[in-house]
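Each of the next two complexes has chain A plus one other chain: chain B in the first, chain C in the second.
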Partner chain A sequence: MSSKPNLDTTAPFEHPLYKTLEKLPGLSLGTASIDDLLAWGLTNSLWVFPMATSCCGIELMASAASRVDLDRMGTIVRATPRQADVMVVAGTITVKMAPRVLKLWEQMPEPKWCIAMGSCAISGDFYRNLYSVIPGIDTVIPVDVYVPGCPPNPEALMHGLLRLQEKVHAARRGVKVVRDPNPELMAITKPSIPRLCDAERTEELTRAQADDAMRVTEEQTSEPLEVAYAPSTPLPPVFAPDFAGLLRELGVDASSTEGPPIVPLARHYELARRLKDLGYRQYVSVVASHWPAGLGRKGKDDTEPEHYEIAYILRTVGRGSRVATWVVRAAIGEPVPTLFPLFAGADWQEREQYDLVGVRFAGHPDLRRLMMAENYVGHPLRRDFPSDAPAAPWR
Partner chain B sequence: MLRTLQVERRVDPHLSIDRYDPEAELLLLHFGPQHPATHGVFRMDLYLDGEIVVKCVPYVGYLHRAVEKLCEVLTYSQVTPIVDKNDYVSPMTNEQAINLAFEKLLGLEVPRRARWIRTVFAEMQRIASHLLWLGTFAMDLGGALGGGATVFMHAFRERESIMDLFEEVSGSRFHYNTHTIGGNRHDIPAGWSGRVKQALDVIEARIGEYEAMTLENRIFHERTRGVGVLDGTLALELGITGPNLRASGVDHDLRRDAPFHAYDEITVNVITAEGGDCLARTQVRMGELRESIRIVRAMIDSIPEGPINGGKPIKLVNSIKIPAGQTYVAMETPRGELGTYLIADGSPKAQRLKIRPPSLHALSAMPYILPGGTVSDALAILGSLDPIMGEVDR
Partner chain C sequence: MSVVVTALVTSLSILTAILTVTAWAIWFERKFVARMQSRLGPTMVGPSGLLQPLADLVKLLQKEDIVPEAADRRLFDLAPKLAALCALGAAAVVPFSASIVGAKIDLGVLYLLAIGAVTVLPVFMAGWASNNKFALLGGMRALAQSLSYEVPLVLSAMVPVILGGSMDVSKIVESQIATQWFIIGPVWLGLPAFCLFMLAMLAESNRIPFDIPEAESELVSGVTTEYTGMKFALFYLGEYVHTFVASAAASALFLGGWDGPFAPGMHWMVLKTFALFGFVYWVRWSLLRFRSDQLMRICWYWLVPVSVALLLGAGAWVVL
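After this line comes the complex of A and B, so read on.
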């Protein structure tokens, strides 16, 4: 029986049985192998898990909304990884978020695919050399389709999904689609840690990332601190808010043209309290900045020692709103009185400045990091902190 | 951190925090950072007694992209496209806020035409932003509102028309990069104002439909009235601005009270509401949709002629050097007061640039207004505060 066809490679309609049946009069016949049926079903029901973090997430939403409507391609957005086939990583992935992405990827059932949507997910874009952003999601999970753009149009995402459908269909039929090897391009876009597809990727790195992902939630949960908050009494009506007069009264020199008046640390809290009574009722912001030795208000020729400057901003409410801005100076390590008893908003703002710049606020009830993880070392917005500091094992 | 606020939060006494038994064991629910209703990557730990939230500990920073560090690395003219990505629902106002700070320290006069165009852009962006908020908020409230996705689909349909108009101006659906130091990069194209008016007609006609689906919907009222009550005094202390503040009865809007762009030449009616709950925040934003449409209509036909950029043409990116100094400049975005604190040292790069995001302050209200509510209230409150995590974390 040398003429026996190889059923694995021949198309169904070339099967002798099909040819025989086809000749029968009055009979119309269609056949399909189970594999074809599965490939067809799998291809046309790619359910998407939106790993949407930032701007691309909005375009992902627009893709699912009325104009583009991904549903007609059989693509339904599922909010849980357990029901999805495709993870669309839409947006910048930070060092703090990357373990969660890996954890969610592990929760998706096989077979699964990943689309990197937008420049940030592909390579980190212009954030790739910064201390808190990972240089592309392909250093964490394997990516099947890259959709470039900042952000990609909904049409581009749809094109990416169609390409993924081709890939899924081919894979089901036993054909592996790999992306064009372009060593030159791969060298230019080389991230700070090896991608999963790179030859120099080590097992240790993959394991370190997986370990970090497993323990991250437990490590980064802090006990809630109980602080009773009583709403302050209704504030008096707005008087003529004379900021300059108050500064004169407190003996502050307000003649500097290079910036807001510098208030002595000892009088700082009193100034804030009296401003609040005067009608500066809205807490606007606090800005800490680090000035290394030799850098002062007059530029680089200054001879001031290393110090922090902390600028405070308050505002009056209603017509003709005015802003009061003042600055206090603190040596490195010198605590600055918190404004938390006066303004509840100082809580997060001072935490952020402590986290990023390193200023200590005395009397703050809960001085934890706000932006970076609890166990992060260093204060990134200090002038001597390198902008491209590594954060193993993610960047 | 938990504070117990001594005000009655719920209309329904059965859901009052007074019923919380301090001896009972609490359930800790990690909510986020990946959750479809957290509007990005926001995490809060909810301590639950049954379905009642007893404590709420928010965590931010999952999208901390180090924008402020990047602003110290890049030159001034390179910063504009970066800050586009902060509040990615309203990129136009981000660009404007940062350039206002540069222009102030440089002492640059922005031409009148550019100021008018900026105002029109800001108001159209407000419409687009509030439409997106409406769609996502209604989706957060879930199945009660016609399958949840109905309002979302409607709102996105109208939002697309504004995206198209901006694309016509700048060539991009968002992340426009259309403002520069001293003015605008792109002038408005011929016939654009007519198309704007057409789009506004369509949107205005459909606002009634949205109101029928939300503000006139019994279920919507049940989910939002008395939920997440934010006291006006607390809102001011927390630094909450924008529609969230105005919904707490505080009559404050930088467009009227500290005018920038061309707002000193036009009348802005400030929309406020009493109550400070999720319903009031919805009412304010719906009112602002109509008000923004009115402002754009009033301005679009009378944009003055003239140049759109008052700065000198830039040959090299390093050619803009801002003299040493410090300044704080703020403007009203769809989410509130977006401020820029700039410390310049005379070089082509900023020494320190801090962006004061309205969303961060809005989110900091969560531990105050959530306890006493249920888990489903958490979603309603979070949605009604309209935080954008790109701006919160920067």
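After this line comes the complex of A and C, so read on.
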């Protein structure tokens, strides 16, 4: 996938025998017709690799179904990139997905083409400045045809494939197929990193992307997990979970009217264990939020330092379900005891909060990133995270 | 000398015919399926899309030939050739009429079944050599499935052998012409044996509902996951030829081969073969896929005992 072949196009290569062979009667006619045959084969059997990540994928499926029916022009969908000719990138490509897309693209055999289907694949559209979305697939792989729309309808995709056929034929005939970009438009829609066709695109960036795509992502970062779950006592004969009573017993101030009670970090695990014994068996969620300095529950408050608030929700199971909600406060970097030994469901939920907000859960057996790419820098849902943060080498 | 020339001409013409027929069978399948799904199928490449297989072939010839770095190169190259070879080799003993047959050998049925069984070897070879987890899983599934379904296939093919009193496919057809087609008589054993044969044949050629070796929703593309261009085309070809030859064998063993009124024998044979071939596609695009364990249970709990019973029944009928 060399985006800019290092060839001097002004002086085309000429074989010494070329002039002689050109004079042979019928030879050029013969080679031209063979060339036409080859191009005819290529264009009439464009097998699609569906790189479908979102709603455009639905339209891609619809184009293979009745009414539009891509099979009319010999286009079928193959499940493996090894047997595909056209990669149709249909949908938003995230920073985590981009290396995989590049890897799949490089697994496709030449000659191959790419169609960017829909505004997300073309430019990122309204996710363009989001911390996790790449600004257009043409910053990663060379795109031949852009099919605009949100999502484009099946007819538009078919039109894109017909235009691709024209392009392949023209390229075979030696007609130079280059885009004629409107410089003004190109300046407005300039992505955060250069496209493959841009002049300022560097080889280093291409190499960095290729390296990232080849990175081993399935390596085990921690020892395999062996955790003894805290045994649950059987439910009491009279089932009456008393959350308020328990809070009183543990000495937590539950009088605040501005939200759920704030539990000291030291009593947090104890509270969860007692609640589990009381019948709160379902771990619904943990939601962490980041509060910058000078901002508290009552609004602007100069006495408030920067901190996290982590809200827990537990539920009893069965009819007449009760909910227990409480909050713990933690300073930045202060470890919060994990609830994993009590509730296995805490595993991924706590990983998510660590990934997006940055809370350190002490005792969690496998605290890795969950949503963002493994080599992502920063925690994007913190208030101080810049909204257009770069995530090299993809955005 | 003239024997050699005759044999050469016959076998070459059968080979060409089968390859051509297979190429256009792919077109036929695509049109057939499209109609089932209220689509049109190929229409733009040639009249009614008739040149579609040719365009696919020209395209596949031009594709880059990728061999994965970690693959076992020699096996990887050998497998697709062997797959096409085995499938075509099986066509040698199928009689298309009293005179059109590649090789008249006394053990024709045995040869047919043996070659059919060997086709699993290149499939597993491809799965192993690709060094790809999906390909390997596909290869293992194909191996387990083909070895299991080999048993009911062989046993049900033995029923016409016993009824016809010969292992030569042509002789079996002749005995059907002399009495009646084995699917209707002379005993009621023919029809169940035919159904068993078709079921086991579907499983042997990895067709839906028995296509777990390439289950696209789980295994990307099964054993062909790593194959590009012409190597993939050879696999594809082998698969279709296998189905075609198996359909031809079924019509020779059970449906009276070239027997039929009004028209010369070969027309009838081709008609019957295509009817069965179409049936395979009909099943393929109508049904879902079995799970591995269901597949094995069906084979060992139902098909094998029934086929053993049919074999014993046929033997008893002939003896008594």
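The definition used in the following text is that the second predicted complex is superposed on the first by the 300 of 395 C-alpha atoms of A that agree within 3 Å, B and C clash if a C-alpha of one lies under 4 Å from a C-alpha of the other, contacts with A are read in each partner's own complex, and residues count from 1 in each chain.
Everything below uses one rule, namely that a contact is a pair of C-beta atoms (placed from the backbone, for glycine too) under 8 Å apart; a residue touches a chain by one contact, two chains touch by 3 or more.
Bear in mind that the values here come from a model prediction, so they are computed numbers and not experimental data.
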Which superposed partner A:A79 touches (first chain B, second chain C, both, neither): both
Chain B versus chain C as contact partner of A:S66, first or second or both or neither: both
Chain B versus chain C as contact partner of A:V133, first or second or both or neither: first
Chain B or chain C, by number of chain A residues touched: B
Chain B versus chain C as contact partner of A:L42, first or second or both or neither: second
Touched partner set for A:D212, first chain B, second chain C, both or neither: neither
Partner chain(s) touched by A:T94 [first = chain B, second = chain C, both, neither]: first
Which superposed partner A:D144 touches (first chain B, second chain C, both, neither): neither
Intersection of the chain A residues that touch chain B with those that touch chain C: 65-66, 79
Contact set on chain A toward chain B in their complex: 50-55, 57-59, 61-62, 65-67, 79, 91-92, 94, 96-97, 100, 104, 126-127, 130-133, 150-151, 153, 217, 220-222, 224-232, 234-235, 257-260, 281-285, 287, 289-290, 295, 297-300, 309, 311, 313, 315, 317-321, 323, 325, 327, 342-345, 347-349, 352, 356, 365-366, 369-373, 380-381, 383, 387
Partner chain C, residues of chain A touching it in the complex: 37-38, 40-42, 44-45, 65-66, 69, 71-74, 78-80, 82-83, 85, 107, 109-111
Contact set on chain C toward chain A in their complex: 30, 34, 37-45, 49, 51-52, 54-66, 216, 220-221, 224-229, 232
Chain A-facing residues of chain B, complex: 1-7, 28, 30, 33-36, 40-41, 45, 47, 55, 57, 59-66, 68-70, 72-73, 82, 85, 88-89, 132, 135-136, 152-154, 156-157, 159-160, 163, 173-175, 231, 233-234, 236-241, 250-252, 254, 256-258, 324-326, 328, 330, 337, 339, 341, 343, 345-346, 351-352, 354, 356, 360-361, 364, 368, 389-390, 393
